[in-house]
Every structure is written in structure tokens, then in C-alpha cells.
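Shared between the two complexes below is subunit A, which pairs with subunit B and subunit C, respectively.
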Partner chain A sequence: MAIVKWFRRFKAAVWLTWKEQSNWTNPIIYALYTSITPFFSVLVYAYIYIAIAFLSGLVDLNRAFYLVSGVALYNFIGSGLYGLIWTVHSEREHFRTLKYTYLAFPSLHLYLMARSFYQFIVGLIYTIIMFVVGLYLTGYPVYNLNPDVIEVIILIILGYIWSSQLGIMVAGSSIFSSEYGPLISEAVGGILFLVGAVLYPVSALPPFIRPLSNLFPMVEWMELMRHALNRNYMVSNIGQLHSMLLLKTIIYVGIAIIYFRIVEKLTREKGYLEATLHH
Partner chain B sequence: MQPAIETVKLVRVFSSPQGEFRALDEVSISVPNGIIYGLLGPNGAGKTTLIRILATLLLPTSGDAYVGGFHVVKEASKVREIINLVSGGERPGYGILSVRENLMYYGQVYGLTWSETKRKIEELDSLLDLSDFLDKRLNRISTGMMQKYALARGLINDPEILFLDEPTLGLDVNNARVIRRIIKSLVEKGDIKTILLTSHYMAEVEELCDYISIIDRGRIIAHGTPDELRKMVEKEIIYDVDIRLRDVDRINFLKRLDSVIGHTVKTRQLTGEARIRIILSSEDIGRIIRRFEDEGVHVLRVTRSEASLEDVFLKLVGKGIGDEEG
Partner chain C sequence: MRRGRSTWNRFIRPAIGRAYVRIKGGNREPSWILWEIILPMIMIASVIWAYENMGAPPIFKGFVILGGAMMSYWYNVLWGMGRTLYWEKETGNLELFLLSDSKLPGLLLGMALGGMFNTSIRSLAVILLGVYVFKAQFILDTVPIALLIFFLTLVALYGLGLGLSGLHVVYGRMGVRINEALDEPIMFLSGQYYPITSFPLLLQYIAGLLPLAIGLDGVRRALLLGEGFNQLYLHVIILMVLTVVFYLLGLRMLNKLVEIGRRDGRLILRWL
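Showing the complex of A and B:
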């Protein structure tokens, strides 16, 4: 019974994000808007690849797959992460509802996960559109992909878990800064883009930056997703990648729970649930 | 019987680079079940700080507080299950959603099913008369409607204990009257067991509350039923003296008179008059009126008045409740 109540609460928070995101227009325009955004983003990256291929005369379809899949998959992580961190800022600064949410929802940690769930779904839609359109534009033979659907689904769930926990930690930190909360989310998103094997492998990074990529499960997740989507994409030490992804995800969940409890206590000590800059 | 709310030597200190501010100073109150309990005090007296602690939004620096028998620090989640909070003078909510959608959301977040929430909204509609704006977007409703919505949100989970923090702040006279009528009916009909209400409006507290604590500078300075509190000034003599507004600057001598316990000034810009309410320890109005005239103050009317809660505050603190902001 308690689980049903939790599910109901989770669903309500997802529904709220959907209404908040889509209520400004009719569903058709919203659907159009949601699909056009990733379409134009992937156009940029696909044509960067095409331009380089045209200028250098080198056509490397494996590189095309790496680039398109990286950019597409980053959208799933990025969209959810931004959505989650933005929730704290908007609830406190814009809607002034954070204190009422805190009273109503038994766990602020789970509430933030629920509010970001919709953003992850939108991110997933972006990912699918960008992936398909991007591969088509770069001329990659889509029929060669041979994806492992079950593994893709499991990895999407794991991606949601670790990135939402990362978001929880960042959102927790942003409670202490009204003005810079959204900037922190952009900074974390930027770091993931930089060191997360999105456009290039970690080995392409300067040596002093490389250790940073070990802090996040992003590289393991990206590489495993690429392999799950395309069996022709080879990864070495697949077992080790699986173990590391699982281990890092568990560590992220543990740290996020502890960290958010500390944040919650400090927030109540300082009275930051209601602190606003009155924009 | 266990009180609905109890605080024991509750202290809250706010620290800032400018120094420490003691918002609550050993506040001990006990609120029985089934009443409207008023916390009366000027702005900055500590009323909202106390409500924030009781609603588990803020931690106390020291002392203990219990709501429904649960400790607000150690059993915060249990406290949250039985309370709700409505604050006046703010517009919280998801503006792009309608009032109905906002309430549907909160109902489900509190664990109600879709149909239970719909039924609850119908109940709240008949209680609060929401139908005119139930399907309007929250960002398009008036302040009075907003406060009715806030009350509806505060009642959506059938709380045992409801905290009302300045519920009529910023409302016009008519809307404030409607909100007060609703609040009174909530406890009378048994919809809510206990209400803790804060206000700096004397008349509001006097009209609504069964029991009142007067708070000033973080300390409870008096408590009792409205009649018990009024009895605190039954021996004093109270006069309202109407003068011209332009003479207000000339009445400072009142502070120096031994027989004057305190006085307040209420200006009436429209009529160009000011009403001076004076509490006297002995019948000395004749001498005071002569002093007014000596100072060049033109006295328009002098009326003997009945004691009110405002006079209690005036006697205890030496100034009116609205005389100090902050």
C-alpha cells in the first residue's frame, strides 16, 4: 500500500513537470517544438563531420558513429541533469513552492528524482531523434547496427540512476546559492561533455585532465551504450566496464543519500528552503 | 490530554556578519487540541520563526518543540504528515497551471488518489467558494482568490493541525473578512482540530482566537483567553483623543507624564485627523487635555474607551503593536 502511495506521488511530480513544460501551448506545437530542438542540434554536429570529411577527403563512418552517438546520448544525461538542478531553483525562486513541497512530499531526494524523470524522458526522445537523423545525415549504414535492446534498456535505467544522483548532489549544493544554482548545473554539464567521451575518447584529452573522467560513470556508460547500440563498435574489457559502471552507480547512490541528508539538515538549520533573491 | 502543540524553552538565534539576532528567546507555549490559538505580536517579534520551527522548516538553536506529540527535530517526517501551512502575503504555486491543477497536484503528492483528490476539491469548493476561479490559471487570479487557493491547498490533506501565518496579510477589508469567517468555521465544523494563527492585527486575533499569546522581541510576554488578557487592563483608564493631524508632532510630552502608561497614534489622512489612544494609571484626563492645549494642540474629541487587546500590548510593551516595523 505504501508503495502505491509512493508511486502516486512520483507520478504526480512527473505530471507536474510535464504540465509545467508543455502547458504554454497546444500538444501538437509542443510535440513539434520538442522534436525540432534536437533535429537542429544534430544538424550542426553532422555537418561539422561532413565538412571535415569533405575538406580532408577522409570519410570514416566509425568516427561518424562515435560523434553522433556521443552527442545523442549526452542529451539524455544532460537534459535530465539540467532539469533536476533547475527544479530546486525554480521551486524556490520562481514558484516559491519549495517549502510546501518539502512539507508535502515525504522525501525531497525522491521528489527531485521524480521531477527530473520527465526531463530524462524528453532527453531520451532527443537522443533517439538525434541518433537516427545524425546517422542518416552522415551516411552511416543504420541497418548494420544490430542493437542489444535489453542491454540498451538496462543501460538507460542505470544512466538515469547515476546521473540523477549526480544531479541530486549538485542540486543539494545549489540550495546554498540562489543565484548560482543554474550556473553550477551548466558547469557540471560542461565537465561531463568535456571528459565523458562524448565527441572524442578520453585518450584524446591532455593527461592532467584524464583523471577527472574517472570521477564520473560517464565514460563507461557511453562506451557500453555505443556497444549495446552497435555490436560492430568494439570496446575492450567489457566486463570491467560493466563492473565499474555498476560500482560507480552504487557509490553515487550511497553518496547522494548521505550528502543530501547533510544538505537537508543544513538547509533547515539556515532556513534556506524559503530563501529567495526576490527576482 | 496531550497538547496539540508544545514548546519548551525554545530558542532560535540567527547569525550574520552583523552579529547574532535572538529571534526566539525561551519560548514555552502549550496549545490544547480543538482551538484556534493566536500568536500576536508586531513584525519581527518571532511569530513566523516559531511557525517555521513547528512546521519543521527551520531547526531551533535549543529547546524542544512537539507537534501532535512528535518532536519537530527527531520526528520531523511524522510531524509533516499531520500538519499543513498557509502563509499570507505571498503567491506560491505553479502559475501556468490552473487552480484546480495545482490542487490536483498537491492532493496526489499527499498520497490521495485522483478520484479522492477530485472529491476533496469539490468539498473545498463548497467550503471556500472556489468555483469562479477554479479553472483559471494561478497567475491570473486576484490576491483574495490567491488566499482562498492557499487555504484550499492547506486543507487538501485534512491536517490535524493547521499553521496560519498572517493569513489576511495584504488583503482588502472584504476579503480579509471572508477569510476570517472561513477560518472560524473550520474549527467550529471540526474540519481542522487545531489552528495556530499568527497575526499583527489585533482585531483579527480577538475575533478568531480562543487563546492568545502575545510575543515581543522573541519572548512571550502574556498569554490567556481574550477576556483574561483584557482583564490585565481593567484597572487602567483608556481614552481616545482626536486631534488635528498636523499637531501630531507636539504630543511627545505624553511620554513624560507619570499617569500615562502608554499611548498609540493612528493617523487618518482622509479626514486630516489623528486618534491618540492613551492608557492612564489614574484618572488624569483633565490635566492631560490642558497640556494638549498648552502645547498648541487642538483637541477635537475626547472619548472614554473599553479595553482591547491593543491596550494590553500597549501596557506591557509601552507602545502600540503597529508602532514598530522589522
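Showing the complex of A and C:
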């Protein structure tokens, strides 16, 4: 019965997010609206490749795949992460409902996870649109992909787990600061974009920044996702990448649970649930 | 004489007053400025390293830095006006403004000027960091024409922002959503990270309707390719035309939307 209750709570928070995000609009209009952003977003990055091909004549389809898949996959992680962290900010600052949520919902950790789940789903839709449109634009032969569907699904679930736990930690930190909450969320998203093998491999980074990429499971996840989507994309030490991804995910879950419990306790003690900046 | 004083009191004074608040508010915490420089730099660095990884010529570094620096004006000036107005509505200040004798375009001018000042500090820092960290090179002989194009771009953005701000006042959160939906198409059409000459011709014509795309292209041509007034006079003319057209259309749209807001009782409606 406990699991039924758990799912009922989870579903309620997901439904609330859907209503709030779609602003109670027609689902078809909302679907069209949400497809604008990924469509143009991938155009922005695909044109980085196209501009070089157009102006310098440098054509390399493997690089096109790397860039398009990186940007598309980043949206899955980024959308969920931003959505999760932004929940704290919007509920406390804009709508001033965080304290009521805290009173009504049995677990703030679960509530944030559920609120972010919707964002991850939207992020996944973004990813699919961007991947298909991006590959088409850059002229990559889509029929060559040969994806391993089971591995893709497993990796998506793992991606949701580690990035939502990263989001929980960052959201927890943002409770302590009304001023810096949104900035922290953008900074974490930006750092993942910078060091997460999104537009280029880690080896393209200056040596002093490279160690930063080891803090996150992003590089392993990106590389494995690329390989799962396209068997022609070769990765070295695939076994090591799998174990590192799994290990880092477990560590993230453990730290997030402990950290958020401490944060929750301090938040109640200091009254931060209703501390607003009053925009 | 009376008309002149009236314009001063109803248009310029609210503009100065609102610009002061935005400048003071935006810079009262030095660490915010630092964050607002670092965050765009992260994205700029990512794209520069992506270009380097693909073996692009060094001139692309300048393209990316100028694109990143100028795109901030779209968010902070144009949408900054609308978003600030939305928050004024949410916090209850908008009704006070509307009850006073001040002109709404004056108030919006103040928001735009404040946004321009704040963004300029950050953008200048981004460019200087770009020069220092990424060794981007700019041609300084053509700075005057670049500044003229830049100035005209900002004036045209103000005109466009007038009309779009009305969406925030009347439609509240829906206005915010429209704003968000337009961000990516504008980034793409303005050529944030690449020259718009790499677009097909039809897309170049569409981009030509956006002041930011014309302005960014002009500034890039001046500072990166060393083109002067003789090569860039068309940019200047287009921007001047866009300035007049957007100002007139923007003003009309704002007045119409405020009228709708008054009629439907939406001007004091919050949380929607």
C-alpha cells in the first residue's frame, strides 16, 4: 500500500507541474509551443557546424554527430535540472506556496523529484526533436545509426536518477539564498555544458579545467548515450565508463539523501521556507 | 513652454527616475555583476572551444564574443522592459504608475536605459575577458561606425520593446511564455554564434527585419573585418527605418494593449 501512496503523491505533483507549466492551456497548443524552443535551439548549434562547413569547407560528419547529439542530450539533463531548482525559487519567491507545500506534502525531497519528473519528460521530447532535426540539417545519414534501444532506455533512467539528485543538492543549497538561487542553477547547468562533453570532448578543454569533468557523471553518460544511439560511434573502455557511471550515480543518490535531510532541518530551524526577497 | 514642461514631467522625469532604480538595483550587490559576467562567459567559452575543436579560423572567436555580448541586450533591454513591467504589476506598483500623470513609454524608456547601462558594464567586461583569455582580435579604427550601428540597434530595440511590453502587462504569465518561446528563434536568426551570411537568402531577408541581427552583423563587420561607413551605410539606413517603424508600431501596440487591459480589468490582475 505504501508504494500506491507514493505513486499517488508523485502523480499529483507531476500533474500540478503540468498544469502550472502549460498555464492551463490546450494540450495541442502547448505541444506546439514546447516544440519551438528545441527546434530553434538545435538550429543555433547546428549552424555552428554549418557555418564552418559553409565558410571554410571543413566537412566532418562525425563531428556533426558529436555536436548535435551533445546538444540534444544536454537538453534532457538541463531541462530537468533547471526545472527542479527553479521549483524552489518560483514556489518561494513568485507564488509563495513553498511553506504550504511543505505542510501539505509528506516529503519535500519526493515533491521536488516529482516536480522535476515532468521537466525531464519535456527535456526528453526536446532531445528527440533536436536529435532528429539536427542530424537532418547537418546531413548526417540517420539510417546509419543502429541504436541499442534497451541501452538507451537504461541510460535515460540512469541520467534521470543522477541529474535529479544533483538537482536536489543544488535546490537544497538554493533554499539558503533567495538572491543566488537562480544564479546557482544557471551556473551548475553552465558548468555541465562546459565540461560535460557536450560540444567537444574533454581533451579539447584547457588542462586546468579537465579535472572538473570528473566531478560529474555527465561525460560517462554522454559518451555511453552516443554509443548506444549510434554503434558506429566508438568509445574506449566501455566497461570502465559503465562502472564509473553506476558508481557516481550511487554516490550522488547517497549524498543527495543525506545532504537534503540536513538542509531540511536547517531550513525549518532558520525559517527559510518563507524567506523571500520580494522582487 | 507649458507643453515642453509637461513632456519633461510626464516623460523624461519618470524615465530618469526608473532608470535610476534599475541601475541602483542592478548594481547594489557587486557579486551579482560578477555572476552576470561569468555565466555568459561559460557559454561563450563553450562555443569558442567547440569552434577550435572543429578547426575553425580564429576570427570565429570574435564572432562568438560579440554575439554573446550583444545578445544580452535582447534579454536585458527588450524583454527586460516587459519583465520589469510584469513584476511591477505583480508587486502592485503598476497601478500606481497608471494612476499617476506619468507616460508609460517614459517609464519603459527608463527601464530600457537602466537595462542598457547595466548590460553595457557586463558586456564590456565580457569583451575584455574575451580579448584577454581567448586572444580575440578586434579592429579599433572602425569603432565609431560600430558605435553608431550599436546605438541605432538599441534605439530600435526600445521601439520593439514598447509593443512587446504590453503583452506582459495584459497577458501576465502568457506574456512571459511568449517571451521564452521567442528567445531561441531570435538567437538563431540574429546569428548569435555565426555570421548570418551563412543563411539561405530567404532567411537572411527575415533576419533583416530584426534590429539585433542587422546590428550584430554591422558591428561584427566593422570590428572584425574592418569595414567602414562606405560598406555599412545600408546597415545604418535599415536600422534607422526599423527604429521609426518599430517605435510607431510599438507605441500603437502598447496603447492598444493597455486599452484592452483597462477594458477587461487585467491591469491589476496578479498571478495570472
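Please note the rule applied: the second predicted complex is superposed on the first by the 277 of 279 C-alpha atoms of A that agree within 3 Å, B and C clash if a C-alpha of one lies under 4 Å from a C-alpha of the other, contacts with A are read in each partner's own complex, and residues count from 1 in each chain.
Simple rule for what comes next: contacts are C-beta pairs under 8 Å (C-beta built on N, C-alpha and C of every residue); 3 or more make two chains touch, one makes a residue touch a chain.
This one's a predicted model, so the numbers in the text were calculated from it and none came from an experiment.
*Asks:* Will subunit C clash with subunit B on subunit A after the two structures are superposed, or do they fit?
*Replies:* In the superposition, subunit B and subunit C stay clear of each other.
*Asks:* More residues of subunit A are touched by which partner: subunit B or subunit C?
*Replies:* C
*Asks:* Looking at the overlay, what does A:Phe193 touch: subunit B (first), subunit C (second), both, or neither?
*Replies:* So A:Phe193 only meets subunit C here.
*Asks:* Report, please, how wide the angle is at the C-alpha centre of subunit A between subunit B and subunit C, in steps of 10 degrees.
*Replies:* That angle rounds to 80 degrees.
*Asks:* A:Arg9 in the overlay: touching subunit B, subunit C, both, or neither? Say first, second, both or neither.
*Replies:* first
*Asks:* If we overlay the two complexes on their shared chain A, which of subunit B and subunit C does A:Ile153 touch? Say first, second, both or neither.
*Replies:* Touch partners of A:Ile153: none, neither subunit B nor subunit C.
*Asks:* Go through the superposed model and pick first if A:Leu183 touches only subunit B, second if only subunit C, both, or neither.
*Replies:* second
*Asks:* Once chain A of both complexes is superposed, is A:Ser56 in touch with subunit B (first), subunit C (second), both, or neither?
*Replies:* Touch status of A:Ser56: second partner only.
*Asks:* Of the two partner chains, subunit B (first) and subunit C (second), which one does A:Ala31 touch, if any: first, second, both, or neither?
*Replies:* A:Ala31: touches no partner chain.
*Asks:* Is A:Gly271 contacted by the first partner subunit B, the second partner subunit C, both or neither?
*Replies:* In the superposition, A:Gly271 contacts subunit B only.
*Asks:* Given the touch rule stated above, what does A:Phe95 touch, subunit B (first), subunit C (second), both, or neither?
*Replies:* Touch status of A:Phe95: both partners.
*Asks:* Who does A:Asn23 touch here: subunit B (first), subunit C (second), both, or neither?
*Replies:* Both: A:Asn23 reaches subunit B and subunit C.
*Asks:* How far apart, in Å, are the nearest Cα atoms of subunit B and subunit C after the overlay?
*Replies:* 5
*Asks:* Both subunit B and subunit C touch subunit A; at which residues?
*Replies:* Common to the two interfaces on subunit A: residues 23, 95.
*Asks:* Please name which positions on subunit C make contact with subunit A in the complex.
*Replies:* 29, 32, 35, 38-39, 42-43, 45-47, 49-57, 60, 87, 90-91, 173-174, 177, 180-181, 183-185, 187-188, 191-195, 198, 271
*Asks:* Mind listing the subunit A positions that touch subunit B in their complex?
*Replies:* The contact residues of subunit A facing subunit B are 5, 8-9, 11-13, 15-16, 19-20, 23-24, 95-97, 99-106, 265, 268-269, 271, 273-274.
*Asks:* Show me the residue ranges of subunit A that touch subunit C in the complex, using the header's touch definition.
*Replies:* 23, 33, 36-37, 39-41, 43-45, 47-52, 54-56, 58, 60, 63, 67, 94-95, 179-180, 183, 186-187, 190-191, 193-194, 198-201, 204-205, 278-279
*Asks:* State the interface residues of subunit B toward subunit A in the complex, per the touch definition above.
*Replies:* 14, 52, 55-59, 77, 80, 83-85, 90-97, 101, 105-106, 108-113, 153, 157
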